[in-house]
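We just call them A, B, C and D in the order they show up, numbering each chain from 1.
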């Protein structure tokens, strides 16, 4: 597959929603250790809402799908993840506006803008033990790829490595930062949901 | 010993106070099962207060000792046990007024009056699963005895039997009555402290 | 046992020191014996209201001392009735010449101690009348029990009788209105967890992780029976049904609905229960004219709740609405 | 997990139904999105006050909606910041033409969502200012954290800024006085037990039977460190010392002392802690001019407490004393 279209985008979102449902308890457990234990519930509630909204009205193109997801997340997730994932999807949808089909360079550039949007909203730097630590290597992998298939696979692998790399870190942003050194040794929940986001993307687009 | 005097009365109270201290947790446990768990604390607090009051001023005779104990119990025990034991000691002290030394018939009669006082205050009938169930056989034993030594021993045995006989009963007075049938199978805490009262008396007077 | 206390034996005295420090502008606290008295007592010509009972039920009774409610409270040791000398001291402190009402929850200890106190007060020439509260439908009221326990309705009696006294009613009138509240009110409680008295250090009963205790009192006693936990809707039904049947309440009645927390239950859960109570009341044609939701008569850190319904008439409603100014209940002032 | 709830997912909606049923005379509750709004909002010409945050902290914030305090509250899911659309809806509902203040506890989620809401409201032509509360001395305020959490002082900000708005102050003035309260207040909290969110069903942390967690927030997060439990006097000292050093408070300061229960701690224990706070304050030459003791900003059924000290001046004291008429805080009305 060399282009992303509306249907693959919808499949991605459905797969991601399924992952959030399946891994709800895992995310809760991660967030209980260094946060307040709601990340799994938040993401699952948001993605269920997104599915509802997507089913309620025909979506014209990838951009429309992504903006609908963004609005659903913003108005139903709350917490830190709501505005951050909301911003991510909103920027992605905005960057892809007008494209019925999206190629790799366009897609990678849209992701770069979106991650910058997340950083602008949350002020997190790499190494702060947040979803940004999974987002950045994933986007870098996309940018370096030569085709969508391998690029999305590499992005998922990059997100996974970024997620695992959060384990030893001391959190500097979000709730986990209140724990100071006690946050080290735990995997960041937000980077974990981000890893599932790219895993779903790889599965949706590369089949 | 054929007469009760001030010193034996004081020794009785001291022994009873020591018993309440020693068996505090036992009484708490009995009262937790079918009441509110405070009988041990209540009786111990009251008897410590009684000791304090007795030490603070020279007591002229058995009656004075008993009235001092009564006032200490009334003003420091609270709960059901406070007014009931208070009444018991007050009536006993009143009945023995003017006696520097007390013989068995006088003593038994005084106890009869006192137990009637407890019944008048608390309205408990035999078999209601209260301290009255230990008091009545003890007093009956005293009345039937031929001398103080054996009489007090028999009273303690009677109280013990009365106490044990409360186990199968369904409570009809006091907090345990709220439990209805669930109160059966548990020994009544008040009859237990009453048993210690007569055990102490036997030990104090028959040595 | 983990508690925010110093020594178990000092719990009541230490808490009284806190009450004195926090509310010294409204109440006088005495320590020998323990009493909490309105700072401006006795109010001349007003009937005085004294209540009291074991500690561990806060804010009851000390938190209800102030204009429009109690004139004095006598705190006993934890879950232990106070003693007659406390009640006598309080009675003397609040006697403004119009007599004093004792509000007594129906427990053997409370009844006997208040009885002795009333005898002592009368001997000193103070007129005393007693309102006995016994609203707990979990207990059979028969010759074979100590009678029904006084629970949730006690708070309502203290408020309404307090307002009647404030309105200048006579000893007899205040007593009568308080008794009327008790007669028109019914309560039933339940627990999710037991409580631990500081002195014993042990839970008052054991409950499995999926069990609740229905028909509890306020002293950590086990209830009438235990059952598997259900949703709040079912628990509310469990408590409401015997209440509704007992008075009985009838369609068209105006009521005050009081959802009370046992001390360890968060407010969010009490509101969930209140929503169910409102639903059940509506289904029975009751009109909830007034309500109260919160921790007012508690059992230390016990989790659970009680529901009280009081049938209102115009006079009771007016007294309920009258200004009250106490640490724990305050409006119109 | 044993709770008085129906379905874990319905906790917030069910509690809102209870709040609507109990307080429908004072507040309007909307369910899509969740808001609790003063029944007479918008008050023309008055600055509107909106706050909000995760549920599970009741009575915060919904219990503080009413004359003299908040105009609206936005309840999120349990321990989860509400969403921008709730805040926008509430902001529009309370805008009386004089602008709206958002009172935001400093947590990433709350800050980001309120930020988005403020952008949306401004786009609709409503002037919005924000008061951020961040009084928790347990958290280092540095570039390397999300900054101090907003905890106990939030209640005091809502009361005092509410009084300023009631007094007809401008948007800028109300914001300024609220920020002044936050700047002059410090809080530290501790837990005896964790809490369990309905969604997770698991304790937020594990504590031994003889351990306490010091420096907790209000979301069941573990604290800064744990230690063996000591008497209330030692625990109060543990919380007071960093508070006193941080502002710092100095001998001669007039303060408001606020002992707050975390939800599962009985009032009797809070008074014991208050007695210790009063003792420590006196030893440092502080004059406690006002106080508040009770469960006002909670963490579900968690046992524990927090202590807040606020340095008072005449203006803050006057605003504190001004009438307030909300379900959870009421005087002078």
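Just so it is clear, a contact is a pair of C-beta atoms (placed from the backbone, for glycine too) under 8 Å apart; a residue touches a chain by one contact, two chains touch by 3 or more.
Bear in mind the structure is a predicted one, so any value in this text is a computation, not a measurement.
Colleague: Find out how few touching-chain steps suffice to connect subunit B with subunit D.
Modeller: Graph distance in the chain contact network comes out at 2.
Colleague: Find the chain most remote from subunit C, comparing centres computed as mean CA coordinates.
Modeller: If we average the C-alpha coordinates per chain, A ends up farthest from subunit C.
Colleague: Using Cα averages as centroids, what's the distance between subunit C and subunit D in whole Å?
Modeller: The answer is 29 Å.
Colleague: Approximately how many whole Å separate the CA-defined centres of subunit A and subunit D?
Modeller: Chain centroid spacing, subunit A to subunit D, equals 32 Å.
Colleague: Using Cα averages as centroids, what's the distance between subunit A and subunit B in whole Å?
Modeller: Computed value for the inter-centroid distance: 75 Å.
Colleague: Give the residues of subunit B touching no fewer than two other chains, as numbers and ranges.
Modeller: Where subunit B is concerned, no single residue meets two or more other chains.
Colleague: Residue numbers in subunit C touching 2 or more other chains?
Modeller: none
Colleague: Which word fits how the chains touch one another: line, ring, star, complete or other?
Modeller: Graph shape, chains as nodes and touching pairs as edges: a line.
Colleague: What are the touching chain pairs in this one?
Modeller: A-D, B-C, C-D
Colleague: In the complex formed with subunit C, which residues of subunit B make contact?
Modeller: Touching subunit C: residues 28-29, 32, 35-38, 40-42, 45, 74-84, 86, 121-122, 172-175, 177-180, 182 of subunit B.
Colleague: Where on subunit D is subunit C touching in the complex?
Modeller: 2-7, 11, 14-22, 55-56, 58-59, 63, 192-193, 209-210, 212, 229, 231-233, 235, 263-275, 278, 288, 291, 293, 295, 298, 300-301, 303-305, 330-333
Colleague: Which residues, counting only subunit D, touch subunit A once they are in their complex?
Modeller: 33, 54, 76-85, 107-109, 112-113, 115-116, 138-140, 143-146, 149, 197, 199-200, 202, 204-205, 217, 219-222, 224
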